[in-house]
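Here come two complexes built around chain A, the first alongside chain B, the second alongside chain C.
Now for the complex of A and B:
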């Protein structure tokens, strides 16, 4: 059984992973816009896209929604549950 | 259409409020070279951009600028959270406070409200992309200036990230300008607007 602190740490670590992989994709997306023939960038984007999909699904299931088109509704409307991203507790 | 992700593109975690820093950083929210202008510039220009790769790039960079607007808003919010009246008066934040309290408002550091006059959408791919490259450099200089005015590592870290993005965007817009040139007809050596060819003589 996980205590509160280690649950919080695991949540932060997963959230950081999502932030990092999303940024890598933001950077690759712009690069691919002007270098669509780059096989290396394309392979990286594909790899990160798959990884990110799994990470966001895991986060959403365990801790609540990040994305406005993927909101858990089994226990009612949960979109407001997590803190807004400008609060320090969300970072 | 946009979806919303409930996360910042880069984390902001400021432990010590600093109204003086907020007063200058707000310029990147609604000032002449700020993130609001950047997003509106690119998202407006893309409609008249005749090349799909480039209108796609304008969409992607314009979208990222909205995320940067949110980062700057988060910085200003955290820098002013919990301030009391003596702190507001001593920091010079009183001139902002009197109009907006602790609400985040798009204005320049000088107090001038956001003005669309600071952006351009000329309807000509070469003019617009040249404007965009200059805009990225101007925003980079503003971040350089902010970095000269703040010393808290919690502020410096996200500001450095944003500064770095200006450099990457400048690079990508330069490549986009190359794509536009490659698409021009070999007869168009005077770079006549390829977005509007009706009545050309």
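Now for the complex of A and C:
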């Protein structure tokens, strides 16, 4: 069983990965807006799209929803149950 | 997205006034100034982690502002 600190580290690392790949996709989107015929850019965008989808699914499964549209309501209202971003436990 | 650093390399392809125009001092229908932005190509792509650190996915566009001409 993981201790709280390493779980927290893994959670932050996973979130960082999502942030990084999201930024890469933002950049590729801008490039593709002006170079819609670039097969290389399109291929990388598609690759990152799949990776990001998998990362977000993993995060949501392990730590809860990032987007309120994905809230798990099986056991009631969970959105406000996690620590707020400004609380120490959330960081 | 776009960088201006390629300017020096591209200068030769930029339209210029002909010497005849310059000599005659013609300013009528000619343009006063023209900006030129070379088209970016898909190369030197950073990893997502390096990209977020650099603020761009493209190594070509990683041009940190250095006061004093980058010295």
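Everything that follows uses one rule, which is that the second predicted complex is superposed on the first by the 80 of 91 C-alpha atoms of A that agree within 3 Å, B and C clash if a C-alpha of one lies under 4 Å from a C-alpha of the other, contacts with A are read in each partner's own complex, and residues count from 1 in each chain.
Just so we're on the same page, a residue touches a chain if its C-beta (ideal position, glycine included) is under 8 Å from a C-beta of that chain, and two chains touch if they have at least 3 such contacts.
Note that this is a predicted model, so its numbers are computed, not measured.
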{"item": "Partner chain in contact with A:23 - chain B first, chain C second, else both or neither", "value": "both"}
{"item": "First (chain B), second (chain C), both or neither touched by A:60", "value": "neither"}
{"item": "Which superposed partner A:78 touches (first chain B, second chain C, both, neither)", "value": "neither"}
{"item": "Which superposed partner A:34 touches (first chain B, second chain C, both, neither)", "value": "both"}
{"item": "Partner chain in contact with A:15 - chain B first, chain C second, else both or neither", "value": "first"}
{"item": "Partner contacting more residues of chain A (chain B vs chain C)", "value": "B"}
{"item": "Chain B versus chain C as contact partner of A:44, first or second or both or neither", "value": "second"}
{"item": "Set intersection of chain A contacts, chain C complex versus chain B complex", "value": "19, 23, 27, 30-31, 34-35"}
{"item": "Contact set on chain A toward chain B in their complex", "value": "15-16, 18-19, 22-23, 26-27, 29-31, 33-36, 65-69, 82, 84-86, 88, 90-91"}
{"item": "Residue ranges of chain A touching chain C (in the complex, touch as defined)", "value": "17, 19-21, 23-24, 27-28, 30-31, 34-35, 38, 40-41, 44, 48"}
{"item": "List of chain B residues in touch with chain A within their complex", "value": "3-15, 53, 56-57, 60-61, 64, 70, 73-74, 77-78, 168-169, 172, 175-176, 179"}
{"item": "Footprint of chain A on chain C - complex, ascending", "value": "1, 40, 42, 45-46, 48-49, 51-52, 56-58"}
